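After this come two complexes, each holding subunit A, first together with subunit B and then together with subunit C.
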Partner chain A sequence: MDWKPVALSAEPRDQSWYEASARARLAGLLDVDTFQEFIGPEQRQMSPHLPLFALPRAFDDGMIVGRGRLDGRDVLVAAQEGRFMGGAFGEIHGAKLVGLLRAALAVKPAAVLILFDTGGVRLQEANAGETAIAEIMRAITQVRAAGIPVVGLIGGRAGCYGGGGLIAGTCAHLVISEGGRLSVSGPEVIETNKGAEEFDSRDRALVWRTMGGKHRRLLGAADAFVADTIGAFREAALAAIPEAPSFDLATLEAEQARLEARLERFGDTRDATEIWGRLGINDPAAVPSLTTEGFDALLDSLPEGSHHAR
Partner chain B sequence: MEKLSFRHTTRTALPGTRASAITGVVASGNLEVLLERNLAPDACHVEIDTAIKGYAEVWAAVVADFVARRQPGGLTITINDGGARPDTVSLRLAQGARLMELP
Partner chain C sequence: MRDKMPLDTLLASLFPAGHAVTVADGLISGEGPLTDGRLAVIGIDGDTALGLEGACFLAGCVLDVVRAGGGRPILVLIDSDSQRMSRRDELLGLNEYLAHLAKALLLADAQGHPTIGLLYGHSAAGAFIATALATRVLAALPGAHPSVMDLPSVARVTKLPLETLQDMARSTSVFAPGLDNMVQTGAVQATLDPGKPLGPQIAALIADSPAVDTRDALGRERGGRPLAHDIAAQVVREAQVVRGAQDRVMREAPGA
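Showing the complex of A and B:
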């Protein structure tokens, strides 16, 4: 596996995206020293709910928003800190992203980049969190309708689950790494509700081949698969901006047709490896151990090209 | 939750001109440290919000050791703690002071 949790280089862009903090990801993703934070930690906009549960708060509520430059282009960025409460959406956390997206309508950046790292809604403030998810999805559709690409980057330790998975579904383009996972119900949630026979959350290989980056790329749920470095995510984000589809009826109808065809074709399968076999991959069992280069070569060799509806 | 507050007098001001810096995250066994340069050059205030009760004496010792070593005059240091061990607290305080000294 192309898995480098410890980088020997001191260069910020060579560092592991998975291991980095949200602030380190932003610093390395954007042009050097161009990140300007909105509502920074010194403003202490913290959760009003967590003290009721005797839980510690974070100065930024686990959501860092601001502006910066990506290869000279103005972009707005939002990054979730997956280590604080699993990157979960609370009232302040969600409101900061809603505000950023609404600001995008006014300032018209080249793109909005969302660095997902979340288990979903924060249970201690679930009503506010669920409301935030809905407001964010609505705001993303408005930003996309205004012609501004919204690009999601997924490669953090919390993955992109729950409401985060729903929000990701509204983005114009998704970039994912091996360590990134994208789904709505997480492994433990499925096991709790449907039993270990349905989904054994302790089977890490099952989790990764069902929700991991390679499977999401092969299914067309993610548009780009990258190595686990900040530099690789930066390159993919740059490439994504001109590729983002226009947000119109034709795109949505094409996406609907793509999803219907996918369900028709793979709806009866019981495991991701069966899907990979039907996609024309000769040795599905070898896919999880492929390096990023090997996986790119595999994508190029498949009979069907990239799915570009969204 | 427990709130702790420490006031120290330092011999010198912490070098540098940065107005603020942040390091660490609030997670299990970790903490975030926000440093702000907004006091008299010989004053240092440390405000702590910790999830774990009953360790005021350990906090007092770790903070006093940091102040003695780094002489962080002029700083207000605010900590959100997720149950970090004393060595992690010392490390984050040292990282934060270094960030404030950077040009």
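Showing the complex of A and C:
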């Protein structure tokens, strides 16, 4: 019997994005040892509100912001830690991203990268989180209007839900992996409010094909689909920078046309497989099991052009 | 709690000389005279949930105003539910439609069309972010009731008894629903006087609207968000410090 050593790679860029911590994602995404954090955990800027609920706090409040280099270019980065409070937006968590975007107007980086991993607003500080999301969206449009691309990367455990989904929709370019889920109301929220007949949150296959990365890429809700490795996200982020659309009337008119056309074409569908069929996919049922290579080949075979208007 | 002002009463106070504002399927659109110009109006009435079609329609109205130019201000009237919660809305990408509406309002404002939100009833979650919170100045009428989530739902998620939450809500504004609490965070900048004509009050809001986002500074002044402003300002400061020792070492000893 042949013994083959297990090919376990220690290379950071081969690691799973989904499994990695926010800090590990940043370390592998950026050029080696170039990340510098703003308001690092040593400053212990923790939520002033969680103690009211007798909940543990994190030194970084689940949001890591700073600067680094991407293939030699200066970028600003923000990463949410989905393992702390589901990556939810609280007062400090949100304010760090607001500050990063305001800083972008001053230091003019090559891009701002947002590594989403969030269930939405942190309910224990809901009003502060909701207001921060509005400030972030306004700041993103200002950064984009100044000619700086804002790129969202979605592939974390917590997905990108609630207000996080709206922030993502404000970015110029979105990269998503199969494990990334992008939505406003999550499966549990729909089920709690409208019943299991409307959405059975335990039906994982339904969740993935309604909100998951493959569907979002096919629909045009994300611009790039990547394998679940830190290196794949890095390559896609690099490719996104020169492609990001500007923020102006022409872009929003093109998005208006794109979203109206989507309603016209798919408004009567009930399931993602119907949409995929109408896109010209011969075997929609096979899409969820396609490898990244197989899915790339499928994308290349479709008549759809680029959806780039957001 | 005070009753909310009905839309008819609101429009009559805003446009005593008449207007061309209509409501269909809970969606408000149209325009009317304001001082020496015209005011574009969009919005949501009747506690209506905001879904794909509504967001797309309202965004189209906003982009029409931007395309026409001329700096016409846009008033966003809000008495809505949350975002529409359904499998179909999420299947078709509701996050993009809501973000698109917010972006349309933010673009309009950036291109010289002052945007004013006026909350006269309920609003919540994604619908609130996509409309009222995407304006330059957000005002409210007494009786308005914004929320992120109602207390019974917060109780379910946080697993705390409702009575405990109700007690906590009396002493802290940061999580509890209601107009006063959104005023405290700085999200709602001003409360209007329903006893006086609304037109001049809206015109004054437009004239006094701040050029930059002052919501976190208001939240600090009012105590609802004690730290947000300072945290954001500190990030801006740290980002402007020139790269330090670490870089010098790398330059002097490449590969070390």
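In this section, the second predicted complex is superposed on the first by the 303 of 310 C-alpha atoms of A that agree within 3 Å, B and C clash if a C-alpha of one lies under 4 Å from a C-alpha of the other, contacts with A are read in each partner's own complex, and residues count from 1 in each chain.
Assume a residue touches a chain if its C-beta (ideal position, glycine included) is under 8 Å from a C-beta of that chain, and two chains touch if they have at least 3 such contacts.
Only a predicted model underlies this, so the values are computations on that prediction, with no experimental measurement involved.
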item: Clash-or-fit label for the pair subunit B, subunit C on subunit A; value: fit
item: First, second, both or neither for A:Ala132, with subunit B first and subunit C second; value: second
item: Touched partner set for A:Phe225, first subunit B, second subunit C, both or neither; value: neither
item: Partner chain(s) touched by A:Ile39 [first = subunit B, second = subunit C, both, neither]; value: second
item: Partner chain in contact with A:Arg67 - subunit B first, subunit C second, else both or neither; value: second
item: Touched subunit A residues, subunit B compared with subunit C; value: C
item: Partner chain(s) touched by A:Arg83 [first = subunit B, second = subunit C, both, neither]; value: first
item: Inter-chain angle, subunit B to subunit C through the CA centre of subunit A, in degrees rounded to a multiple of 10; value: 100
item: Subunit B versus subunit C as contact partner of A:Thr141, first or second or both or neither; value: second
item: Subunit B versus subunit C as contact partner of A:Tyr18, first or second or both or neither; value: neither
item: First, second, both or neither for A:Trp276, with subunit B first and subunit C second; value: neither
item: Shortest span in Å between Cα atoms of subunit B and of subunit C, once chain A is used as the common reference; value: 11
item: Doubly contacted subunit A residues - partners subunit C and subunit B; value: none
item: In the complex, subunit A residues that touch subunit B; value: 21-23, 40-42, 51, 54-59, 81, 83-84
item: Touch list for subunit B against partner subunit A, complex; value: 1, 20, 22, 25-27, 30, 32, 34, 36, 49-51, 78, 80-82
item: For the subunit A and subunit C complex, residues of the former touching the latter; value: 33, 36, 38-39, 45, 48-49, 52-53, 65, 67, 76, 91-92, 94-96, 98-100, 102-103, 106-107, 121, 123-135, 137-139, 141-142, 145, 162-163, 165-170, 182-185, 189-190, 192-194, 198-199, 210-211, 215-216, 219-221, 247-249, 252-253, 255-256, 259-260, 262-263, 266-267, 269-272, 275, 310
item: Subunit A contact footprint on subunit C (complex, rising order); value: 52-53, 56, 59-60, 63, 66-67, 83, 85-100, 102-104, 106-107, 110-111, 125-126, 128-130, 133-134, 148-149, 153-154, 156-158, 160, 168, 172-176, 181-182, 184-187, 213, 215-216, 219, 224-229, 231-236, 238-240, 243, 246, 250
